[in-house]
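Listed next: structures, encoded as structure tokens.
Paired with subunit B in one complex and with subunit C in the other, subunit A is shared by the two complexes that follow.
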Partner chain A sequence: MNQRIFAGFLIVGVVMFAIAPVYIARAPYESTMGLIQKIFYFHVPAWFVMFSAVFISGIFSAVYLFKQKPVADRIAFAAAEIAVLFGVIGLITGPLWARKSWGVWWQWDARLTMALILEMIFCAYLLLRRYGGPGSDKLAAGLALFGLANVPFVYISVNVWRTIHPATSVVPQLAASAPGMFGPFVWCTISFFVLFFVMLMTRIRLEEQRAEVERLHLIVEKG
Partner chain B sequence: MTQRLALVVMVGLLVNTAAILVLGSEQPPAQEEFIPIDQLPPEDQLPAAPLLITAYAIVWIVVFVYLWSIWRRLLVVEREVSELSRRADGDEESRS
Partner chain C sequence: MRNFFRVAWLVMRKDLKVESRSWEMVSTTLFFSVSCVLVFSFAFVREGRPIEGAAAGILWIAVAFSGTLALGPTFERERYHDALRGLLLAPVERSAIFAGKLLGIVLLMTLVEFVVVLLVALLFQAPFIANVLWIGALLILGNFGFAAVGTLFAAMLVRTRSRAVLLPILLYPIVLPALIAGVMGTLAVIQTEPNFDLARFWMSLLLFFDVIFATLALWTFEPVMTE
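Coming up: the complex of A and B.
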């Protein structure tokens, strides 16, 4: 990618991320939860990005498995690392919110447990890539597909097994039910996605450079 | 023997009943209705601000540490690429 365009995305992402707390502070308070509900503006976009990264990793893993294209493996690996990162953000901000609004740090309900399993699948993916040795790329690709298959279950789990966690209807109805919250939420979501794009492009570049190192090592050893 | 056993059982029952009565009288009455959080005693109220600030601080730290980590890893690999390219070009020149 053109370096100027990339730098532009990086600046836009960082500036949007820096301004986000101002919009969040100006957003109205939720009537029952009060101040703690403002974690919502980072918690939900973090999961959106996590699911997107899992989607990208899963799709490109399938492409790698069936078409044997190394570039697809690099994209899948890069997206998997970012999925773990945003999963960690979601799994930290969620319990901080729950402690105040539910009175507990954690509930072993379907949504939380399945989200934790999804995070563990992608941690396993990274461990496999790091320590799995030769052939671990294909095994990891299979694991990413398994993680991708888990996403719809994580998403609908909260509607099927009604627990203390809010249902998925909160976000689609936000524009109508709380217009004052909708603007900051969209702002935060866009800033998270811009940062995600920047991270993904940089991470893919890192994988490309690593592949180049391996290629050059072979040339130098032969020479 | 039977009388002694009956006496032990009776004393045990009396002690048990007395303990239940004494401990039962110390228990607070059961809560039967919702209490708004601002009406709870201060020791039962959990402040939201530290949890919120912790959440936002963690997000900022995680995002920027990760961006720094990718940038650093990329610099190391790019340096290695340029070093290996130079060596590969040097090998080609010496052969020609």
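Coming up: the complex of A and C.
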């Protein structure tokens, strides 16, 4: 990718993240949860990014499996790592909210359970890439595809199972119900996606360079 | 299509014939699942009274553990004398080979579960026999989903160094929704006041899981097995 565009995204991301805390601090306090509700501005975008990364990883894994394009594997691998990272952010910020809101750190609620399962699947993906040896790229691609297939279960389960997690309708209705919170929320979401894009591009570039080094190494070895 | 079923049938028959000559997989899996149930009964049965609802969880843990043990050697036998390569080079649909393997595993798991269900019913005083149709249907659906994902992963890992460690690591997070549905469905059936509507819902979720993951497994078997 053009380095200027990349640098542009990087600067935008840094500026947006620098402004985000000010924006969040100025947002109105939620009446029952108070200060702790402000976790929402990082918690929800973190899950948005995690789900997007899972989606990208699953789709590009399928492309790699069926079209054998190495670039698809690099994108899938990069997205899987980012999915795990943002999943960890979601899993850390979630219990902080839950402790105040529900009185417990963790509940075996449908959405929490399924989010944890997704996180586990992508941790397994990384373990497979790390310890699977030669050929683990294809196996990992199969696993990511199965991970993606688990995503509908996450959403269906929320609507069918009884759950104490705030419903999916909270975010779409935010603009009407709490306009003061909607602005910072959108700001943080865009910031997270810019960060996601920058990280994804950096990670893909790293994989490309690693593949190139391997190729050159093989050439040298063959003499 | 007829050829597909014929190949699947032949692969399954071959696996069952090999198994019937040694009983290696059935005997080891059965012994392991019985040991599991016994260990759980030491922990969860106090003064002759089991913890309420424990039976459902223990039944499905035994299914998951013994299933993993059974999946390990499924493709292991094919590794000797390059049998796997021969099987993959055969002019037949690879998905049919997968289907045959899957059916073999489901049958063997079901065989082992006959004993496990009776043992859990006995030790945990669970009304499995009174609700045999419900429990049977839940187990068959659960077995199928578990084995569909497991057979694919066992096949994928056959050329990998640390396959014994990696199989449960990859398998459990994927099949967790099926295990949750199995446990909750069984619980709905065996509780003091059975809730069959809830059991039916969990059963449909299991069916939904089976259809999606069996289709995906059939679809991905060919590319992941290409060298």
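Simple rule for what comes next: the second predicted complex is superposed on the first by the 222 of 223 C-alpha atoms of A that agree within 3 Å, B and C clash if a C-alpha of one lies under 4 Å from a C-alpha of the other, contacts with A are read in each partner's own complex, and residues count from 1 in each chain.
Criterion: contacts are C-beta pairs under 8 Å (C-beta built on N, C-alpha and C of every residue); 3 or more make two chains touch, one makes a residue touch a chain.
Predicted model only: the values in this text are computed from it and were never measured.
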| item | value |
| --- | --- |
| Subunit B versus subunit C as contact partner of A:L195, first or second or both or neither | first |
| Partner chain(s) touched by A:K69 [first = subunit B, second = subunit C, both, neither] | neither |
| First (subunit B), second (subunit C), both or neither touched by A:M120 | second |
| Touching partner for A:G135 - first (subunit B), second (subunit C), both, neither | second |
| Subunit B versus subunit C as contact partner of A:G147, first or second or both or neither | second |
| Contacts of A:I36 with subunit B and subunit C, given as first, second, both or neither | first |
| Overlapping contact positions on subunit A, where the subunit C interface meets the subunit B interface | none |
| Touching residues (chain side subunit C, partner subunit A) in the complex | 149, 152-153, 156-157, 159-162, 165-166, 169-170, 172-174, 176-177, 180, 201, 205, 209, 212-213, 216, 220, 223-224, 226 |
| Residues on subunit B engaged by subunit A in the complex (per definition of touch) | 46, 48-49, 51-52, 54-56, 58-59, 62-63, 66-67, 70-71, 73-74, 77-78, 80-81, 84-85, 87-88, 91-92, 95 |
| Residues on subunit A engaged by subunit C in the complex (per definition of touch) | 65-66, 113-114, 117, 120-121, 123-124, 127-128, 131-133, 135-136, 138-139, 141-143, 145-147, 149-150, 152-153, 157, 160 |
| Interfacial residue positions of subunit A with respect to subunit B in the complex | 17, 21, 34-36, 38-39, 42-43, 46, 85, 88-89, 92-93, 96-97, 99-100, 195, 198-199, 202-203, 205-206, 209-210, 212-213, 216-217, 219-220, 223 |
